[in-house]
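There are two complexes below, and they share subunit A, which is joined by subunit B in the first and by subunit C in the second.
Let's turn to the complex of A and B:
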């Protein structure tokens, strides 16, 4: 609040987001790397919200439909994400249950909340703690690529455990939905124009 | 001063970029969540519409059923899954909610059947083995027509009979205790069907069992098909011995039914056709030609006497053919205080078809028919022997033309009363008694008495102090006799005797040739003369006596009526001789004489001089008298002989020892006994059947 952070816009310039070179405001393209120049991405928030919504839509079936179709010795079971967590918990595998829970529920939900928070607070009257918000943005962006743990597990199990009658694991519809959801939220995080955080 | 006013300037034009229309401001990127939403909604709608119909099936218990795991199968294809398991409001049943695919659920009308398939071990094998690993499942069965989808069903506790691909039939039995649900139906040793749980029909008279004959074996079923029970094993006792017939192990335990289409040409049957199950194969086969389902006419017969040997199920026969069975036995009391008595009641079940009545005959019609027979042909029921050895009885329907007129008492309750005829019971005991009586009628006792008499005489002889005193003397005597016999005198005498014997033989030969009585008399005279001659020569006595006896025996043989008397007198004479202690000295000779008598008798018998019988009898009497006389003379003769022998004994002393004498005496006594026996036997046989003597039989 007290410290003024100088921005390219404040200096009457426009910076390239890819290579960092600054240009005259009306320059359409970066003279160095050729990417389009825009002082502020006016549609950033729209894109954020659009991807966010798509991610949320994909996240709902990811929790309703079964993640894993396991058939062992003739008996087949379907397990959803939360069902699997509960089952692991009931079996006493607390660490694994916690890992799955964090990776499949806490992080995605946290991401949705964080992105929504950032998007809502961008234009708000109070802009306290811009550093904190920027850090939050960076965490969200960083963590996005690690949100696929569930999908990795399912993919590995489904490809390894194929023993015909004895035991077979197949991915359920939720795996696809979850993967899409993660992809959409990553896209939402990437659509964010963090420069707006610093605008007055 | 220039008060130039500045030229008026046009007002600053506020140029604002035209406000873009709202859809221009919307990023294309919104298409992504839109598409995602559409897809998600699409999936949701599809899931909702595809999730199937929820049906509720109630079961007695939910053993093996797990929500979310147990599936519903139709023809072994999974068509639904159990969603939840709950209780009915009164906790009486378990309600299993099953989500069934829509395209299948539309076929599930009110007739659909559901049951739980579990692993099952029975005598016929193990079924549902796959459910051991995969868990139990609910099996459903319904037809292939869409008529009114139902949502609640009653589950069956046991698997129903396989109705598809087979022909359902109903079996009717008189007794269901040997058949249990799941018992096989066997056709020529192949299991072609199964029976369901036995149940009673409405009247309670029959046991009904639903059964299914699987395709393609159901083509074997026609209206001429007969079913019979093969439960357990059959033991039949026949002339060829015991026959044990055991079918499969399963039918031994669970019971079994088999069938055969005995004659061709029957009509194809419709589903649900009613078949009667006969107790055994022969009965089933016998009904083919009499046709139709078994219609039974109940009759009652009342018997005054005992019904021992008659049992329930005993046959009722008419002219040798089995036409029914004894259904039950009982008693009926006459409460009349004057003449209280109990009579035995026998209820019969007459198989109408076996009487040859047409198929459409009713019980009443059959009853009238029988009533007519009773009235016109005097048809009667009676007890008869079914088996001579076991003494078991059966009931026989017989026509007795000479019986008193009677009618079938239709007023008798509960069944018409058929008049009875006297029982035709051939009692084995009676027959045996007759045989024993006949044996008892044989002159055993007399024979025994005669033998005892002879033995007594021998005993008396042996026990006589004189006899005891004899040994030493006898030893000497025998020794002397031996010497005497080896002496020349005796040899000469023997020669004479031989000559006499020869002449006697000639006489007998003449007799054999059927010569006149004169010959016989002459022979007897000669014998008498010879006897007289004997008196002079005691040493010749034994042989003379023998010849006399030959003659008398010959004569005896020729008679019929007086033969016995003569034999008696002969016996008496013999007895007299035997009871004489002195007879001991002539046992061997007597024995020989008797043997000779027998021989001569045999010869004469072959000769067959029947025509001269009367004369012969007279002569025989004379001969017998002579014998008597001779016998009376015997003591003197023997004494004389004894003296002679004694005299001889003094001259010869090289022989004689007690032991030797004993041996000889014993031998002599034995011969004597045998002689007495043969005489007695001879006498008896003559007495019993004089003809045999003459006719040689």
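Let's turn to the complex of A and C:
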């Protein structure tokens, strides 16, 4: 786009990121919705990286420890996130295997890469393709919460399959690690100040 | 689309200006009629999308959703039978699946994501919007209430839970027969009502109603 679009910062003003109301600089809080005002969130990147790292640390045990502990007639099996996908695949439930794989592997890994890419790009000297990066930010912010699917699957299975001695399903340690990882990366995406993408 | 004439913007009073929350692009506050949308020219974010009689509809749909949630909570959700054995679970049971030992925090989180946060958001939205119907003055601390509802939006995960249920049903289907209960259908309807309600929530419309109706306009809201 060649047209120069005026910005609140360019006009010497500060805008509310919650309600869009524009204020004189140095106004501490939005007079309409009461949110804290900042022309640019200068500590945004620090918080993004902190949540990102926490999310990544939690994602490792989430893949190592079992997600589900199934015991049926004395024999017990454990399945990890990937193990669960493979099981579904082997059963022939292809669409469901794909949903779980996308929600538990593709989205989290893609999110780690996308947030790191967005945060690193902000430091670079020249910033091409703002529209593309803004689009990526919107996708990451929208899609992150959908990773919780597998946590809910475990919750439903564990509450439903309780036939005392015959068959029981219990949650494994990975469930808590995975839920934390999703929550942390959601916070990372929410901490990002997309206005910086557009600054010169 | 919003029209911008950069030279005119500086002359306008601040109340007539709006900036895109995502990319900081500055606009003159346009007149947007119901069913029209104002979209940021630069990043494409929908800035305004007012709807006719939105406040009445928001309150009605929120109340409806709260009732559905209450019904879904305590009626049977899924019923499982295999080899003469029988087991059932309510949504509350699903949330409490992690309720022993180290898993307790996860149980609390699941209950929050699928029950507490959706219910709290609905209650806060009703509290904010109900007094505004017909141009009334906002309730005390309405701005704070709506801010909390806004912050909680990403953490309300009823619709994600529904996909989780679908996946769980397929996983169980091989080893037992599952019968959906009343709560199963209620929860499905709830998700549709929530999406419908969301379509009437235009934040600019609500914030400006909270603002214009304030007697002490210009003061920092509580």
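Keep in mind that, in the parts below, the second predicted complex is superposed on the first by the 195 of 200 C-alpha atoms of A that agree within 3 Å, B and C clash if a C-alpha of one lies under 4 Å from a C-alpha of the other, contacts with A are read in each partner's own complex, and residues count from 1 in each chain.
Rule of thumb we're sticking to: a residue touches a chain if its C-beta (ideal position, glycine included) is under 8 Å from a C-beta of that chain, and two chains touch if they have at least 3 such contacts.
None of the values given here were measured: they were computed from a predicted structure.
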Ask   = Thinking of the overlay built on chain A, is A:155 touched by subunit B (first), by subunit C (second), by both, or by neither?
value = second
Task = Tell me which partner A:6 touches in the superposition: subunit B (first), subunit C (second), both or neither.
result = second
Touching partner for A:184 - first (subunit B), second (subunit C), both, neither: first
So, A:73: does it touch subunit B (first), subunit C (second), both, or neither? first
Worksheet item: Touching A:171 in the superposition: subunit B (first), subunit C (second), both, neither?
Response: second
Subunit A contact check, subunit B vs subunit C, more residues touched by chain C
Discussion item. Looking at A:91, would you say it contacts subunit B, subunit C, both, or neither? Reply first, second, both or neither.
Written reply: second
With both complexes overlaid on chain A, does A:58 touch subunit B (first), subunit C (second), both or neither?
first
Subunit B and subunit C footprints on subunit A meet at residues 173
Per the touch rule above, subunit A residues touching subunit C in the complex are 1, 4-11, 13, 15-24, 29, 31-35, 88, 91, 93, 96, 99-100, 131, 134, 138, 144-146, 148-163, 166-167, 171, 173, 175-176, 179, 183, 186, 190, 194-195, 197-198
In the complex, subunit A touches subunit B at residues 43, 46-47, 50-54, 57-58, 60-61, 73-75, 77, 173, 180, 184, 191
Within their complex, subunit C touches subunit A through residues 4, 6, 9-10, 14, 17-26, 41-43, 47, 78, 80, 82-83, 85, 87-89, 93-98, 102-103, 105-106, 109-110, 113-114, 143-144, 146-147, 150, 154-155, 157, 160-161, 163-168, 170-172, 174-176, 178, 203-204, 207-208, 210-211, 218-222
Listed in rising order, the residues of subunit B that touch subunit A in the complex are 26-27, 29-30, 32-33, 35-37, 40, 43-44, 69, 130, 133-135
